[in-house]
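Chain IDs A, B, C, D, E and F follow the sequence of writing; residue 1 opens each chain.
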Amino acid sequence: MNSLIVTLVGMFVVFCALLLIILCIVIYSRLIRIKAQKPNNHEYSSVKQNNNVQKPASENNALPADSISPELLAVITAAVSACMQSTNTGYTVRSIKRIGHTTPIWNVAGRNEYILSKL
Amino acid sequence: MWYDFTNAIKALAAESGFANITLLHLIMIVLALFFLYLAIAKKYEPLLLVPIAFGMLLANLPLGGLMHPELWDAQPLDYGAILHNGGLLDLLYLGVKLGIYPPLIFLGIGAMTDFGPLIANPKSLLLGAAAQFGIFGTYIGAMAFGAFTPQQAGSIAIIGGADGPTAIWLTSKLAPELLGPIALAAYSYMALVPVIQPPIMKALTTKKEREVIMKQLRPVSKLEKILFPIVVCVLVILIIPSSAPLVGMLMLGNLFRESGVVERLNDTAQNALINIVTIFLGLTVGSTASADKLSQPGFGIQALLIIGLGLVAFCIGTASGVLFGKLMYIFSGGKINPLIGSAGVSAVPMAARVSQKVGQEANPQNFLLMHAMGPNVAGVIGSAVAAGVLLSMLG
Amino acid sequence: MWYDFTNAIKALAAESGFANITLLHLIMIVLALFFLYLAIAKKYEPLLLVPIAFGMLLANLPLGGLMHPELWDAQPLDYGAILHNGGLLDLLYLGVKLGIYPPLIFLGIGAMTDFGPLIANPKSLLLGAAAQFGIFGTYIGAMAFGAFTPQQAGSIAIIGGADGPTAIWLTSKLAPELLGPIALAAYSYMALVPVIQPPIMKALTTKKEREVIMKQLRPVSKLEKILFPIVVCVLVILIIPSSAPLVGMLMLGNLFRESGVVERLNDTAQNALINIVTIFLGLTVGSTASADKLSQPGFGIQALLIIGLGLVAFCIGTASGVLFGKLMYIFSGGKINPLIGSAGVSAVPMAARVSQKVGQEANPQNFLLMHAMGPNVAGVIGSAVAAGVLLSMLG
Amino acid sequence: MNSLIVTLVGMFVVFCALLLIILCIVIYSRLIRIKAQKPNNHEYSSVKQNNNVQKPASENNALPADSISPELLAVITAAVSACMQSTNTGYTVRSIKRIGHTTPIWNVAGRNEYILSKL
Amino acid sequence: MWYDFTNAIKALAAESGFANITLLHLIMIVLALFFLYLAIAKKYEPLLLVPIAFGMLLANLPLGGLMHPELWDAQPLDYGAILHNGGLLDLLYLGVKLGIYPPLIFLGIGAMTDFGPLIANPKSLLLGAAAQFGIFGTYIGAMAFGAFTPQQAGSIAIIGGADGPTAIWLTSKLAPELLGPIALAAYSYMALVPVIQPPIMKALTTKKEREVIMKQLRPVSKLEKILFPIVVCVLVILIIPSSAPLVGMLMLGNLFRESGVVERLNDTAQNALINIVTIFLGLTVGSTASADKLSQPGFGIQALLIIGLGLVAFCIGTASGVLFGKLMYIFSGGKINPLIGSAGVSAVPMAARVSQKVGQEANPQNFLLMHAMGPNVAGVIGSAVAAGVLLSMLG
Amino acid sequence: MNSLIVTLVGMFVVFCALLLIILCIVIYSRLIRIKAQKPNNHEYSSVKQNNNVQKPASENNALPADSISPELLAVITAAVSACMQSTNTGYTVRSIKRIGHTTPIWNVAGRNEYILSKL
């Protein structure tokens, strides 16, 4: 096959493929955002709200039941500042969120059992 | 007894590397040491270049028996012979030959990649497409020399994708005899992105264009991030089925990351698994660059051409990305900084950082990193698609 | 030239997935997306269902060439052809076909499992045995339909063991053609344990029985925990040698855990190794559920029957566990709460938590979790034995 | 083979196997516990004693030579409470035990050497 | 129906392990349990001995079908038959037979080893060489019995290298039929180093010699540490090409460690990868010690001889190391403590600690650990070279 | 082959190989140290200086810009003393050095981006 043809076809296909992806992203993003604005949709809007409105943790003066203790905060801050290779003059930890458990579920179960067995 | 002793020593000496080393071996060993130097002292993509250069070193110490290139020249491959006579690196090379390692590396890359900036600004994908002209433009150039088959030309051109695993994957399918030099060129130039790109970027843009400050990206919801790998996987594989191993695994890795429900698998994909595969891939790809190759007529010239064409591919890719960025600058009424176009060549996240740096030179208030990450990760998808197209047309 | 260009595009289009997709492919893709939804949004056993569903998706995007079901229909298998023509998932599927992945997963499960509650209360093992009636009872049901061979019926029945790797291991030996639907059914129902079990448990027990508070378990010494895996391994393999791969690896993993002298191996067995194998196992098992299967006459009906029979198996298993629990309640003079019997189906630790929850509903002072963990881990041993028996009799 | 036979044989074998395991566990557990009560047996009784008598660490006011410093205790407490996904109102760390070294022996050796080389 | 039931039970019973177990099986099971006891209660090299002993246990439970020794006796090996008929451990054993596992373990060991003390005091290498006389001296002894082929004698002699993976690698190439007993002897004696060495060390040295305090080692620069693996790899493989798999991987691992630019690979090489390989290697090496072996005429005697000769090899190695240390003590004018010579047998870091302990007994101010680490790691290189020489001369 | 010959040849080769290594190490070590003493060579001498002159961290009273905060130091000390299986009476942390980033480069990039996106 002529090498010019390969080039033209190649670029054509690459552009087509990525244009199609753009189209899909634009459509589904719009749908999700429309859905998220309707008040009767809860499941995913909450997720999005969470991403948009995110307040700095420091504003929460009253610690809720499941929140993070100041001691833990100090440890995390130290660890983060170590990772960032600088002292903590540049930035402070403004928001800490628990993420889902990443430990294998059986380990957690085992750990809980162990604690329960010691109570 | 003294006679027996000297005889035994002589026999061992005759089988030693010192007695069997040739000038070509020495040249290749020096080359391997040079790449080790680049990887360690200059930090050129060390994760791949250290294993590749060490594999090259091991393959060029005579009679080590770690790699037997002759086993891999058979048509069709004789897997029985490989199991019976293969050395350690022959056996590990099975993972390259069977096309297993590059997709697993893509699984890890997918798990490490945040497509958020791309979802926030889908137009970036166009820049990731435009930069692939580096691949196809170089294909014309490689064919023009008359020194390469179309399959070899396609493998050389893919260096312009600035994506190591994609280059290794395509080359192992189209032109495995060039795997060593192509992998070395690909990773070397990826490391040289901060040197190669800025002059081209500055030459093709005006100061006014480089100063453009782009507006902040919108936040992307978790659902959009979860849907992205699924949508891209389905669309791209439907369009170019031959890209399935790369795109499928890239998107599975990203789904591990974004779904948030398989943190264990996400962690392993981006750590233990990708690291193990990287060691095996690097070592064996490096070991294909043995002195026997260099002794084949014309291989030396081919290797030099690969080095030259690889550079050309990178330059064309960068230029076409920037030029398409200028087009978007015009059509958007000056809202898009053309500097983010050069990030479309992949080389994540180096190319995006180059955009950031050149942008900040022109305007210290300028902060392009996040905007350049969009074209940057789009470039990964773009070159995987390009590899699929080349495999479909030339394979 | 325009002519050449359009011709090349047409050729690519003819080879694209869009041109080759069929209704069956679409149905399977929608099914795969549905399972992804269950895994991610509903958190149905996501560690296995995400890879399984993604493998199903990849296998049903036409011409991707990742999986070639025809290679696996050959009798005997032609491993040379698989190496020469296999796609990525064919090659990874070798680990399923050769029976390597499920035992390695059992190694990791063993390393994660604390058999302490079982050692403290060995009678729990009877509940773990009784619940296996879900397997054998369903075998009768499956054979009654006349739609299945005994091997297929045995593979379907093992869904009632509520143990994914066991189900995959046995099915890959007895009826590999049903691997996809059986794995999907097994993991889906395991995720549905909190929905399926409580009504059955409540229907079969009186409130008085559910209120029984069991006395605290005695502490178990380290030596007892170390001896347990060795004793169980020797006994079970002497009784049912065909269960050796599963039981042997499960107990080796547990010995890694309890011996306390090989913490490195224990850590790797329950992290890197099990995760790597889980990714490969899930992907390839899912990819066996391709549209080609659905187009085979009768396969659709078989798949529907599997869904129904799998549910029946779970219900029978739960019921027989609870009923045996009632027996033990009577014989122990009311000291044993029959609710812990339902945990005998395996599905660790979900089933034990269901016992805890239903028990606490009846009596808020009730704390059954630890007592239910005994039958729960006994169920794992029980279904491995059952799988060995089925393999011995039907294999 | 008749499917009813398969079922009966299957259940029979499963029950036999698990009954045999019960028997063995009961026997060896009893042997171990009898042995542990004899005062002249030291090797394993200590293990068992350790499991049974386990006093809360907080009772040890005087820190023995090889014990855990309060700072370390604070860090561990914070880490544990993070793992348990709740504040430390629910429970406190009542017993901390060092477990055997889990690091590869050569790493430990290397680490010690490094320290020695700095003394 | 009762008739069918009893018949089925009888058939299962006839296939059970209880019906097929022989006295030899029982002996081997008891031996396996004894090694498990040594590994767990006595902490004899548990990382390898737990998997080895468990593999031995599994291989001697009759009809488990995990390992089929007859598949591995074929000359040449029939890989197709292994794939079709092999059990789990047969398939994992491929990694031993193909020579993959030991080099990967050496990769991890290289990543864990600090050659600094050796670079600071290169003369240590002579002690690492002298201690290899344990290997070659034992070779004469083994040949003198007339019960072994030269290949078997070489495999037994390598026990004196006090290096497990090297012993397994060489034995799998020269005399795979002895793999089980040699691996068990090698790891058992490695664990017994603190018992075997001190009497020999004290017998061969005067108190004055043992009291020698050596001067502190000079600091070693990063560049020297980076160059070391490259230089050793090139030199040793040029001298003895057959040592390439072991020495190449050992030095690659060390380069990962010292280069400082591939921390990810370094971490995986010394954790996930070496642990996974250790599990597979131990299990399968142990499973070669099956009752079928013991029933071969003469095997029992061979096994007993291996135990005796292995001990002899350790003693000779220790003695020759100490004696060479005395030589260096004299030539250095009393600056070198001969106790560090015994560390030349490898068994890192145990042998170095023994030097330290015996030295401190003689003089509480004495601190030999760092000085003994030099010969200790030199012993690893020395025994890899010795294995290469034996393979070249006998293979 | 006579077994004595095997032994002699084997020991001869092992000694030759290790002697050759000694020779190479001695030569290159000397070259490096000579080079490092010349003032016009910067690249590696700095590395070596760093190894030789290494002052205890405690001497640095003024914390430089990129140094380690005392809180982090406390956490590291606690962790180290836990690893060493003894209280911190035996030794104190005298020198803490940041080593190069070991995290995959993309993760670091992602982390930085995340932080930047929150500024």
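To be clear about the criterion, a residue touches a chain if its C-beta (ideal position, glycine included) is under 8 Å from a C-beta of that chain, and two chains touch if they have at least 3 such contacts.
This is a predicted model, so every value here is computed, not measured.
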{"item": "Chains touching both subunit C and subunit E, listed by label", "value": "B, D"}
{"item": "Option in D-E, C-D or A-B whose residue-number contact pairs overlap B-F by over half", "value": "D-E"}
{"item": "Copy-to-copy rotation for subunit D and subunit F - C-alpha atoms, rounded to a multiple of 5°", "value": "120"}
{"item": "Same or different residue numbers at the subunit B/subunit C copy interface, by half rule", "value": "different"}
{"item": "Centroid spacing, where centroids are CA-atom means, of subunit E and subunit F in whole angstrom", "value": "28"}
{"item": "Gap in Å, rounded to a whole number, between the CA centres of subunit F and subunit C", "value": "48"}
{"item": "Chain centre separation in whole Å, for subunit F relative to subunit A (CA means)", "value": "36"}
{"item": "Where subunit E touches two or more other chains at once, by residue number", "value": "8, 12, 80, 219, 239-240, 260-261, 264, 267, 271-272, 389, 393"}
{"item": "Two or more partner chains touched - positions in subunit D", "value": "1, 4, 6, 8-9, 13, 75, 101, 104"}
{"item": "Of all residues in subunit C, those that touch subunit D in their complex", "value": "119, 122-123, 125-126, 128-129, 132-133, 135-137, 139-140, 143-144, 150, 153-154, 219-224, 227-228, 231-232, 235-236, 239-240, 260-261, 263-264, 267, 378, 381-382, 385-386, 389-390, 393-394"}
{"item": "List of subunit E residues in touch with subunit C within their complex", "value": "8, 12, 15-18, 21, 29, 33, 36, 39-40, 43, 46-47, 50-51, 54, 57-58, 61-66, 80, 83-84, 86-88, 91-92, 271-272, 275-276, 278-279, 283"}
{"item": "Subunit B contact footprint on subunit F (complex, rising order)", "value": "1-2, 4-6, 8-9, 12-13, 43, 104-107, 109-110, 113, 116-117"}
{"item": "Residues of subunit E touching subunit D in the complex", "value": "1, 4-5, 8-9, 12, 41, 109, 112-114, 117, 217, 219, 270, 348-349, 352-353, 367, 369-370, 373"}
{"item": "Of subunit D, residues touching subunit C in the complex", "value": "1, 3-4, 6-11, 13-22, 24-26, 28-29, 32-33, 36, 44, 47-48, 51-52, 99-102, 104"}
